[in-house]
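Per-chain residue numbering starts at 1, and chain names A, B, C, D, E and F are given in the order in which the chains are listed.
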Amino acid sequence: MKVVTFGELMLRLSPPGFERLLQSPALVATFGGGEANVAVSLAQFGLESQYVTRFPSNAIGEAAVRALRAEGVRTDFIARGGSRLGIYFTETGASQRASTVLYDRAHSAISEIPADAIDWDRVMNAAAWFHVTGITPALGDKAAAATRAAIAAAKRAGARISVDLNYRRKLWTEAQALATMGPLMRDVDVVIANEEDLQSVLGVEVEGVDVTSGTLDVGGYRRAAERVTREFGPALVAITLRESLSASDNGWSAVLWDGGSGTLHRSQHYAVRLVDRIGGGDSFAAGLIYGLATGRAHDAALRFAVAASALKQTIPGDFNRVSVAEVDALAKGDASGRVQR
Amino acid sequence: MKVVTFGELMLRLSPPGFERLLQSPALVATFGGGEANVAVSLAQFGLESQYVTRFPSNAIGEAAVRALRAEGVRTDFIARGGSRLGIYFTETGASQRASTVLYDRAHSAISEIPADAIDWDRVMNAAAWFHVTGITPALGDKAAAATRAAIAAAKRAGARISVDLNYRRKLWTEAQALATMGPLMRDVDVVIANEEDLQSVLGVEVEGVDVTSGTLDVGGYRRAAERVTREFGPALVAITLRESLSASDNGWSAVLWDGGSGTLHRSQHYAVRLVDRIGGGDSFAAGLIYGLATGRAHDAALRFAVAASALKQTIPGDFNRVSVAEVDALAKGDASGRVQR
Amino acid sequence: MKVVTFGELMLRLSPPGFERLLQSPALVATFGGGEANVAVSLAQFGLESQYVTRFPSNAIGEAAVRALRAEGVRTDFIARGGSRLGIYFTETGASQRASTVLYDRAHSAISEIPADAIDWDRVMNAAAWFHVTGITPALGDKAAAATRAAIAAAKRAGARISVDLNYRRKLWTEAQALATMGPLMRDVDVVIANEEDLQSVLGVEVEGVDVTSGTLDVGGYRRAAERVTREFGPALVAITLRESLSASDNGWSAVLWDGGSGTLHRSQHYAVRLVDRIGGGDSFAAGLIYGLATGRAHDAALRFAVAASALKQTIPGDFNRVSVAEVDALAKGDASGRVQR
Amino acid sequence: MKVVTFGELMLRLSPPGFERLLQSPALVATFGGGEANVAVSLAQFGLESQYVTRFPSNAIGEAAVRALRAEGVRTDFIARGGSRLGIYFTETGASQRASTVLYDRAHSAISEIPADAIDWDRVMNAAAWFHVTGITPALGDKAAAATRAAIAAAKRAGARISVDLNYRRKLWTEAQALATMGPLMRDVDVVIANEEDLQSVLGVEVEGVDVTSGTLDVGGYRRAAERVTREFGPALVAITLRESLSASDNGWSAVLWDGGSGTLHRSQHYAVRLVDRIGGGDSFAAGLIYGLATGRAHDAALRFAVAASALKQTIPGDFNRVSVAEVDALAKGDASGRVQR
Amino acid sequence: MKVVTFGELMLRLSPPGFERLLQSPALVATFGGGEANVAVSLAQFGLESQYVTRFPSNAIGEAAVRALRAEGVRTDFIARGGSRLGIYFTETGASQRASTVLYDRAHSAISEIPADAIDWDRVMNAAAWFHVTGITPALGDKAAAATRAAIAAAKRAGARISVDLNYRRKLWTEAQALATMGPLMRDVDVVIANEEDLQSVLGVEVEGVDVTSGTLDVGGYRRAAERVTREFGPALVAITLRESLSASDNGWSAVLWDGGSGTLHRSQHYAVRLVDRIGGGDSFAAGLIYGLATGRAHDAALRFAVAASALKQTIPGDFNRVSVAEVDALAKGDASGRVQR
Amino acid sequence: MKVVTFGELMLRLSPPGFERLLQSPALVATFGGGEANVAVSLAQFGLESQYVTRFPSNAIGEAAVRALRAEGVRTDFIARGGSRLGIYFTETGASQRASTVLYDRAHSAISEIPADAIDWDRVMNAAAWFHVTGITPALGDKAAAATRAAIAAAKRAGARISVDLNYRRKLWTEAQALATMGPLMRDVDVVIANEEDLQSVLGVEVEGVDVTSGTLDVGGYRRAAERVTREFGPALVAITLRESLSASDNGWSAVLWDGGSGTLHRSQHYAVRLVDRIGGGDSFAAGLIYGLATGRAHDAALRFAVAASALKQTIPGDFNRVSVAEVDALAKGDASGRVQR
C-alpha cells in the first residue's frame, strides 16, 4: 500500500543528554520533520512510503537521503536544488525546565520549491493515502502552492487525505494560517490536531481545557471536533491530549471524532516518562494513518496510534523506531516494561 | 572465605543511553552473566570468589579475564578452548517501552565444555559455598554434565549450595528444565527464584500474583515456597518480587522461606527508579549468599540482599559495584539519596 | 551593578551518566565551587560579577580562567601562584544510591593565599554586594584571614554582605566553624543556610525537622531564623528546605526570615526530578542576591531564588545556565515544561 | 545498469582510535564484508546495486538491512533465516604494530543458506554484472553451492562475471580453495587478486616479489597473469600491489592483464597514509567493475580503480564513501589534498 | 595594546576524526572565522583584542559570545540582530583525500548588518591596529560598506591596517573582488595572501609556482610583491607558501616583502604533519600582526608568524591555542617535539 | 618467576585526540607510572609481577587497584593510607608541537610512606628480580628511605636489581640525584637510562650526541657506559636512543653494554610513527628485564626490549598491551604492519 507525504526534513542538532546548547562542543546530528517522521513510521510499519521534498545538491542533502533510505522510506520523487537544508537545534528539558526548539530554516530548499519541481500526478499514481502538515504551507508561498497542488493530485488519484494542523507561531499568524488552511479542509478526510492547533489554525476553541494544568473535559473536545466537521468538512477529527506535568512526565491520550456516526472514541491513557517528545504527534498521526489505511476499526486505529506515540516518546530522535508487533503488544495492554528476552 | 561459581560470561553490547540497537554506530561493551555477576559481587564484598567457566583463547577471552580480574574475581580455574565467547545485545527501555535482550550465545566455549576440562575436586577444595543458576545446564548436555559434576564435588567438599532457577525460554522447554533441575534440587541448600521461574522450572505456581499489574499475595509465596521444600528438598527458598510498573519504575522486595523453622521472612520494599535492571536478580543472590555465608540472621541476610540489589539497579552494567558498607548503609534505612561528601 | 565573590574554584571530574568513578576510562571535566557558582549565575543574570580567588600558573589554572570568562565572569582580580588547583570527583546517584563527592583539595593555591595577594579595597571599590561561603575560611588560616579582610573591605566600601554557611565536615569541626564564623556574622546582612548548616556552624537547631524523611515544620524554621538574627546579627536569614525522597527526586523550597519586619516568607514548592543537584544551593544564593540587589521585594526575591535553583538542578555541571527571563517564566508559574519553540 | 553481488555481510566491531580490543568499554559498530563493500561502492557510483545474502530475522539483521539501504544498495533479494549474523572484531594498527582481524563468523545465516533460499534466475534477470569473492564459497558447502548456482544463473543471464580470489586461511586450506575455485574460473571474465591469493587459491606464484619489503618485479606479475588466463580461462586479471612499509604507510598500485590483446596495464602509484585499510581491495574491485561495466578503456578503468581504493583507505569503516566525481578528480592527477571549499 | 578585527564568526560543524560528513550522527561543534581566528590568537598573545561582528539574539549567538570570551577576546562592540549565524561544515581529509569545507552562510546576521549598527570611531578609539580579510566585504553590499567604514575610521584613529586577501570563489567573482578590494588597498599597511589570492583578488600572478606540485620560485614571489606595492600601495606584503604534498603532509613557509627597503625576507620552513589546517593562514596573520605591532624586526616577526601557524596546524579547531612562549620556543629552533615535562 | 617493582602510580588525565588540555570538557582517565608500567608489561609477558606502592583508601585508590589487577599485576603488598593519589595531565603533541606532561603529584600517598608500611623481606621472598626507577627516591625522604630498604631486602633475597635512572627536574636537583642514586648503584645489576639521565643523575656525559637533531655517535655511548660500570659498579648498562624528529615521528633504538665481557650490543632501529610515547622507556625496561630474567642472550634480550617498546609507542596509554608472541614477531623482523587475520 502506497502512502505519500510531503514536507520539510531538517537537520536536527542537539546537545548530549540534558546539556544546554553548546555547553559542550558536541552535537548529536539526526534528521527530522513533521511529514518525514510520519513517512518513517509508515515505512517501519511495512507500507510503501514515498516522501516528497526538495533537498540541496550537497553533502547535507545526500546525508538526508541516506537517513530516509535507511529507514525504508522511498525517495524516488525528492527534487534537488536550492541552497540549503533547514536546521533546528533542540535541547531536552527536565522537570521544571522546558525542552526548547530553535529553528534556522529560512531559505531552505523546500521553501523555494519551483512550481514545476514535482510531477504530482506521477507521484500520486496508485497512492492510497496522502499526508501533509500545516507546517509545509507555512514555509512560504511556493511551499503553499505545492501543498495545494499535491492535495489536488491526491484527490484526483482517489487517495485519502490527512492533515496535521501543527501550528507554528514563528512561521505565520493565525489569520494567515486560517486563510490558507481553511480552504484546504474541503478535500481532507482526517484532521489531526491538539487543542492549541484547533484554536490557532481553525479558530475552534476547545472549552474546559487548561493546557498548563492538564485539566481535560471530554465534552469540550467533542464539541470542538463536531465544529470542525460541520464548518470545514473533514469527517474524522483526531485530537491528542497532552498533560504537561513537567518536562519529564506527561500524560498522553487522544480522542477520535467520527462525524459520520457521531461517535467520539476515547483512547487508553499513558503516564509517559519522557525520553524525547519531539515527533510524538507525528508518530500518533502515522499510527492513525496505518490503522485507518489498513482497515482497522476506528477505536482500534486510535488505540494503535496512542500506543505508537507513547513508544516514540521513549526513543531518542524524531523517528519512531518500532514495529507493528511492538505497538500491538503495548496496545493490547502490556505496559509493564518487563524485559523482553 | 572461598565461594565458587560456575557459568557463562558473555560479552554484553548495548547502544548508548535509551537508543535502540545500532541507531548509532556505537556499542557499550562490557561483560555479564548470571554466576559471574554473583562472583563479582562476592569479590567486592571481600570474599575469595573463584569463578569457573570456559573461555576461547583469543583477544575477547583475554578481555573477559581482564574484566573479572579487575573486580577482584579469581580466575585460576577458568578453562581455555572452544571457538567463541557468547554475546548478548541489550537495549535499555523506558516508560512503556520494555528493555530487550537478544542472545547470540550458541556454540560458546562453555556450551562445548569437555567432561575433563575442570578438576572439580581441586576447584571445590576448602570452598564454603557453591552457586550456579539454571542457565548453565540449559546451555546443552556438556554444560549440564559439568553442572552436575560441580554440584557433586561441592557436596563432597562440604560446601553449601545455592541455585538461582533463572528460566530461559530460548534455551530449553519447561519439561527439559524440570527433568534436569528437579534431581539437582536434592543437593541444594538455597533455592532462589522469582514466581515465573518457580512455575516454569519446578512447576510450582505462585497463586494470587499478577505479574503485569504487580499485585502480590504473600500467602501465595509462602505456599509455593513450602511446596519447594517439601517436594524438592531445599530448606531455604528465596523469592524476589518485582512489580513492573513500567520500564522506568519497579517495586522491589523479596521473601525468604526457612523450611527448618517454618518462617517466612518478608523484606523491606523499594520503589526503584531503574538505571539498569539487568543483573538485579544476581545481585540479590550474591547479597543473600554473603549474608548467609557470613553468618547473619536470615532476616538480616534477606534485608542485605534486597538493599544490594536495589543499588545494583541504579548502576550501569551487569556488575554490582558497591561495598558492604554501602549496602549496610541502605539496609539500615537511609534511602534518602543525600549527597555523600 | 558590581558584585564580588571570593572562594575556591575546583576542577570537577565526573564519570559519564550514572556510572561509578572510573567504571569507564573517561571523566567529564568542568569547574565548580560555591562562590564561583554564584558568580557565574550573577554574570548570566547580567550583573558585573567579579570573582576573586588564587590559581596556579599552569594549564589547569588557565583553563579555569577560560571557564569563568566564557560565562561572563570578570577575572581581573584573580591572584596567580601556588602549586595546584583543588579537584573534586563526583558521582551522580539515582534512586536509593546517593550521589558522592570526593575532595582532593588540600594544598590548593587558594588555601595557601598570602596575606598581600589581594588588594581588597581596590577589589571592593564601587561594589554593591559581597558574597562568600563558610567553605572559604575553612580552607585554612590563610584563607580565613583573607575572608576576614574581604569582609572588612566590603563593609568599608558600603557593600551589602551575604554568607552561605555551607558546613564542610571534612574541613573543620563544628567548634572551629563557630569560632571563625560567629564573629564574622556581625558584618553580614544576609545569612543563607540549610538546617544542618545552622546547627553545625552556628549551633542553632531547627526543631521538628527530620532530614531523611523530609518532614518539615515551618515554626521550627521561624524560631531558628529569629535566633540567628538575635544572637548573631544578620537581619535576613534564608533557609533552603530539601526533602530528599531519593537521589532522583527531591522536594525543593525555602523560607526567608526578615528580622526587620519580623516576617517569614515561604516560597513556592517544586518536586524536582534531579539531573545534577551539585550547585543547587549556590544557585539559590545567586537568585536571592540578584533579587535583593536589584530591589525586588523580599517575597519576589525568594520566589526568584527558588525558581532559579530548581532550574539549576536540571542542568549538568555546577553552573546555572539560565537567564533572568527563563527564571521569571518559571517563577511566574509555568512549570509545565512544555516545549519552547 | 544492474550489478549483482553475493556474499557475507558481518557486524564489524572496532575499538576507538588506535586502542586495542576492549581497552575501553566501547566498540564502534559498523558493517562490512567483501561483496557488500563492492555493492556499496557501486551504489555510490550510481549503478543499480543488488546485494544478495541471508540475514537472521532479528534486530541485528534489521540493522544490517538499514546500513545497506542507507548507502543506496538494493536489498530486494536478501533471504531471511538462520540464527546469527557473523561478527568480526578489528584493531587499527600503527607503525610497527599490525592491524588485526578476529572473526566470529561460524554458524552465520549465510553459511547455512538452504539450496532454495534464492531464486537466482530472478535475481540475475537483466543483470549486467555479477561479482563474488573467494570468501563466500569458503563459508561452507551450502554457501559454495549457492555460489555455483549464482554464477551459473549469471552466465545464463548474459552477465559478465568477476571474482576476487580473497584467500582466507582460517576458512579453508589451499587445496580446498583450488578444488572449489578452479572449476568456477571457466565462467569468470575478470579475476581480481593480490600475489598471495594467486599462490594460495590458484597455485600461481608471482616471482620476484617480497611482500614484506615491498620489492616488485612487473615481469613476475605479467607471467603470473598470463598463466591464470592460460590455465584457468579468465581473459582479464587484475592484481593489486601493496607495499606494506608499516601499518601506517603503504604503497598502492595495480596491474591489469588483458589476455585478449596480451597487454599488461600498469597503474599510477600512491603513497597512502592509512586511515583504515580494511575494504581497500574491495573498493579496487568496485572501481574496476564500474570502469569496465560503463565502457571505459582498460587503462582508464584500472586508473579509476586504483584512485577509488586509495581514497577508501583514508575513510573509516569498510565502505568507500566517495562519488565518481571525487574518484575522477584524483585519477586525473590532483593528489595534493588541497582543501575543497 | 588594542587591536581591532571585524568579520564573520561561524558555527563550525565537523564529523569525528577522519569520518565523512554525517557518517556517524555526531558533529564536533566549535566556532571559527578568518578575523575571529586572528582575534583569538592576539588575545592569547596578551593583546587587548576587540572583535567586531553581528550576532543573532539567540542561543547560538550567545554560545558564539561565550566561545570568544573564553579565549580572552573582548566582545564589547558586537552588534546584535539578524536571524542566523552562518554555519560551515568541514571534513578532515587524509593522504590523497582532500579536506572539504561546505558553507551555509547566506543570510547571516553580519551579511545584513545595517549601516548604523557599529559606531566605528568609538570602536577604533586608541586602537593600534585594525585587521580584516577579503571575506568580509565579499559577504554582500552591507558588509562591504561596513568594511569601508571600519577602514576609514581606523585610518582616522591612526591605527595600522592589515588585510588578508582570502579569496572565496563561492562568494564573488574575481572582477567583483578587484573592484571592491583594489580601492581599499590605498589605506592598507600590510597585505597578507597566498599566490592564488594575489592572482584572484588583485590580478597579480606569481610566476614559476605550481600549486599542486609545490614547486616554488622565490623570484616570482619578489616580483609579485613588488607589483602589489607599486600598483596598490601597501608597503608590506606577506605571502604564505604551502606545498600540498597530500592532505596529511604540507610544507609551510612564507616570505615578507618590505617595499620600503626593497627587502624580501624568507622564513624558516616546516614539514607539517597536519592535524587541522583550517585557520592556518589566520594564525600566520595573527603572528605577523603581533610581531610587527610589538616592534619586532621584520624577519623576526615573519619567523614568529610562521612558527605560530605551524603550531596551529597541529591543533584541532580554528583557534590557535598557543602562547607567545610556545611560539618563541619553536621559532628559536626546537622543532624536535620532545616531551615538555 | 616473581618480579617486584616499587614506585608511584598516578591517575593520568588526557584530552581527547590532539586537543590541548580542557579544550573540550572531557578527559581520558587511565593510570600510569614508571615502575607500574614495567609491572604491567611483565604481567602481560606471563611473569608473577608484584607491584608495591601506597594508595589512599578511597574510590580513586580502589580504581587504581582495579586497573593493575585487570592487567594481571599482583597487588598483595600495596599499602593503604595517605590522602591522595598523584595525578598527571598529558597532552599528545604532533609535528612541531611537543607533547606535554603536567604533574600534580605533591603530597601523594607514596611520598608520605611510613618507614614500617612495607615488610620488605616478605615482599622479596623468592623474588628473582627487583626494579625501581630514579623517580621513586626523588619523591621525598620517606620514599627514598623505602627505596633503600627495598634494594637492601632484594639483595638479601638474592634478586637481581635494575634501576631506570629517569631524571625528573621538577622533583630534585642533579646534585640531590647523585647524592641519593650514586650509593644505590653498588647493589644494582642493570642500569637503564637515556643520555640525559646519565648526565643529570650520574654526571656521566655521552659525547657526540645532539639530542635535538638526533645525531648519534656509538663510541660516545660505549665510553659513557664503561664509565658507569667503572665508577658506580653495575655490570650491565642499557641506553635508549631516541631521535626526536618531531612529535609525530621518532627514531628508536638502544645499546646494551656488558661490562663483564666488554661488549657493546647495538639493537635494530625503528622509525616510529608515534601514537603515545609516554611509557616508551618503561616498556623497554620491562622487555630487557623479561629477556634477561628468562635467560635470553644479551643481544636477544636487547632486541626484544626495543621491539616491545616500539610497539608500546603505537598504543594509547602508559601500559604496553602486547604479548611475548607479538613482540617476538616484530623482533624477528616483520615490521610490515600487514593485517593479522
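To be clear about the criterion, a residue touches a chain if its C-beta (ideal position, glycine included) is under 8 Å from a C-beta of that chain, and two chains touch if they have at least 3 such contacts.
Small disclaimer: the values here were computed from a predicted structure and weren't measured.
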Which contact partners do chain C and chain E have in common?
A, B, D, F
Equivalent interface to B-F, which of A-C, A-F or C-E, with over half of contact pairs matching by residue number?
C-E
Farthest-lying chain, centroid of Cα atoms versus that of chain A
F
Are the two sides of the chain E and chain F contact the same residues or different ones, given that same means over half of the numbers occur on both copies?
different
Quick check: how many Å separate the C-alpha centres of chain B and chain D?
45
At least two other chains touched by the same residue of chain C: list those residues.
17, 20, 25-26, 66-67, 100
Given which chains touch which, is the overall layout a line, a ring, a star, complete, or other?
complete
Enumerate the contact residues on chain C facing chain B in the complex.
17-20, 23, 93-101, 103, 168-170, 211-214, 244-249, 277-278
So in the complex, which bits of chain E are touching chain B?
24-26
Hey, which residues of chain C end up touching chain F in the complex?
13, 20-22, 25-30, 58-60, 63, 66-67, 83-84, 87, 89, 100, 102, 104, 106-107
In their shared complex, chain F is touched by residues of chain E numbered 17, 270-275, 307, 310-311, 313-317, 321-322, 330, 333-341
Okay, in this complex, where on chain C does chain E touch?
66-67, 69-72
